[in-house]
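Two complexes, one shared chain (subunit A), two partners (subunit B, subunit C).
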Partner chain A sequence: MSAIFQIAGIGIIIAMIHSVLKQMGKEDMAHWVTVIGFVVVLFMVVRLLSELFQEIKTIFLFQ
Partner chain B sequence: MIKLLGVVLILFAGTMLGFQQAAKYAERPRQLRQLAHALQRLETEIGYGHTPLPEALKRTAAASPEPISSMLLSAASGVEREEGLGFQESWKQAVLRHWSETSMRGSEQAALLRLGSTLGISDKEDQMKHLRLALLQLKAEEDAARDDQGRYEKMWKSLGILIAVLIVILMV
Partner chain C sequence: MEMISIVGLGLIATVLILVVREQKPMFAFLLAAFTGIFIFLYVIGRIEAIITVLEDLANRSGVPSIYLKTILKIIGIAYIAEFGAQIVRDAGQESIASKIEFAGKVFILVMAIPIISVIIETVIGLLPAGGQP
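Let's look at the complex of A and B:
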């Protein structure tokens, strides 16, 4: 459960940084921040998915 | 418990970093104005007081606030020392040595160094003209700095806190 909250928190903070940077006229930097945040979240999701996969494998395939 | 302490420390550090950056942007126009005042005073000393240059620098330094006054003082003392540097060399050394104490940037430094190569080598009309030129450049820089301040001061204040929170969330 905590991973979901972590991802949600990252999303909120990245959105705030994006809006702050955009307001100050640094749109290119704002987009980079968004992209980097997306990549970080993606890595976290991939790790979670691989854990899930491993678990499924141990439950159904190798009993 | 120790985790909470770390969180607090990171938040504090990020906030302070943001505020420090913001303070730099707030300080620059103020120092530029002070420098312009100092140059104006120097112009008066040279043009109407006919004061010798080291003396004029010292009087100007006495009337200026801190980072600028020490710069002018060391420029004056460089000329008066035993081995006696030329004014241009002394001025250059003083500007370079004290520059890191100010919040100003390279363009002001270039204007000041150019001014240093013309002061004290010609008649007073010429010197006043060069001082006025430097004043104009500083005025333009001050306008640009004020623009930057309005734009970036707030940004850095919120950005510091936000980045600290992001680091905390990533690490917890």
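Let's look at the complex of A and C:
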């Protein structure tokens, strides 16, 4: 439940940092920040996805 | 009430997605996927209870367990295929979504082949000139 707020918060904060770094003229830093935030969120989603697939396998496919 | 909490979760997630999509559409997509997975995990515990009851019924009535296993596998494939196709469709890739659905249909048909062959053999056995040409 709180993970949803976490992801939304990460998205908003990353957008803020991105715009601040852009204003300061550090374009490449801004892009790196976006990529790192994306990887963190992707990791959370993929972990939950693997949990879901494991559940489906144990319940439906008898493995 | 769990239903109310699910609906509230969906509404809150939708508002958050709308807020985040303004700046970063990638995060909005990941958030949508996460919400879908979360609701699915929430519901799957209940599905387990239903399936336990179904297994019990099948055991009592003497239905061969291979049929129930096949049907459960088909249901699982349908759930996964629908889920993946909807997430991909949300991201705007209509063609990949329809390919996922197509793959799901093919796998379901492959799973159903033993049952179909049993039905066909039964029908052939019922026909008068079935065994001896």
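The definition used in the following text is that the second predicted complex is superposed on the first by the 62 of 63 C-alpha atoms of A that agree within 3 Å, B and C clash if a C-alpha of one lies under 4 Å from a C-alpha of the other, contacts with A are read in each partner's own complex, and residues count from 1 in each chain.
Everything below uses one rule, namely that a contact is a pair of C-beta atoms (placed from the backbone, for glycine too) under 8 Å apart; a residue touches a chain by one contact, two chains touch by 3 or more.
The model shown is predicted, which means the values in this text are computed figures rather than measured ones.
Judged by the touch definition given at the top, the superposed model places A:Leu52 against subunit C, while subunit B stays out of reach. Looking at the shared chain after the overlay, A:Val35 reaches neither subunit B nor subunit C.
Once the two complexes are laid over each other on the shared chain, residue contacts for A:Leu21 go to subunit B alone; subunit C is not touched. Of the two partner chains placed around the shared chain by superposition, subunit C is the only one that A:Phe60 touches, whereas subunit B remains out of contact. Comparing subunit B with subunit C, the partner in contact with more residues of subunit A is C.
Of the two partner chains placed around the shared chain by superposition, subunit B and subunit C are both touched by A:Ile10.
Counting contacts by the rule stated earlier, residues 10, 14 of subunit A appear in both its interface with subunit B and its interface with subunit C.
Residues of subunit A that touch subunit C in their complex: 1, 3-5, 7-8, 10-12, 14-15, 18, 34, 37-38, 41-42, 44-45, 48-49, 51-53, 55-57, 59-62.
Against subunit A, the residues of subunit B that register as touching in their complex are 151-152, 154-155, 158-159, 162-163, 165-166, 169-170, 172. Residues 9, 12-13, 16-17, 19-20, 23-24, 26-28, 30-31, 33-35, 37-38, 40-41, 44, 47-48, 51, 69, 72-73, 75-77, 79-80 of subunit C are the ones touching subunit A in the complex. Per the touch definition, subunit A reaches subunit B in the complex via residues 6, 9-10, 13-14, 16-17, 20-21, 23-26, 40.
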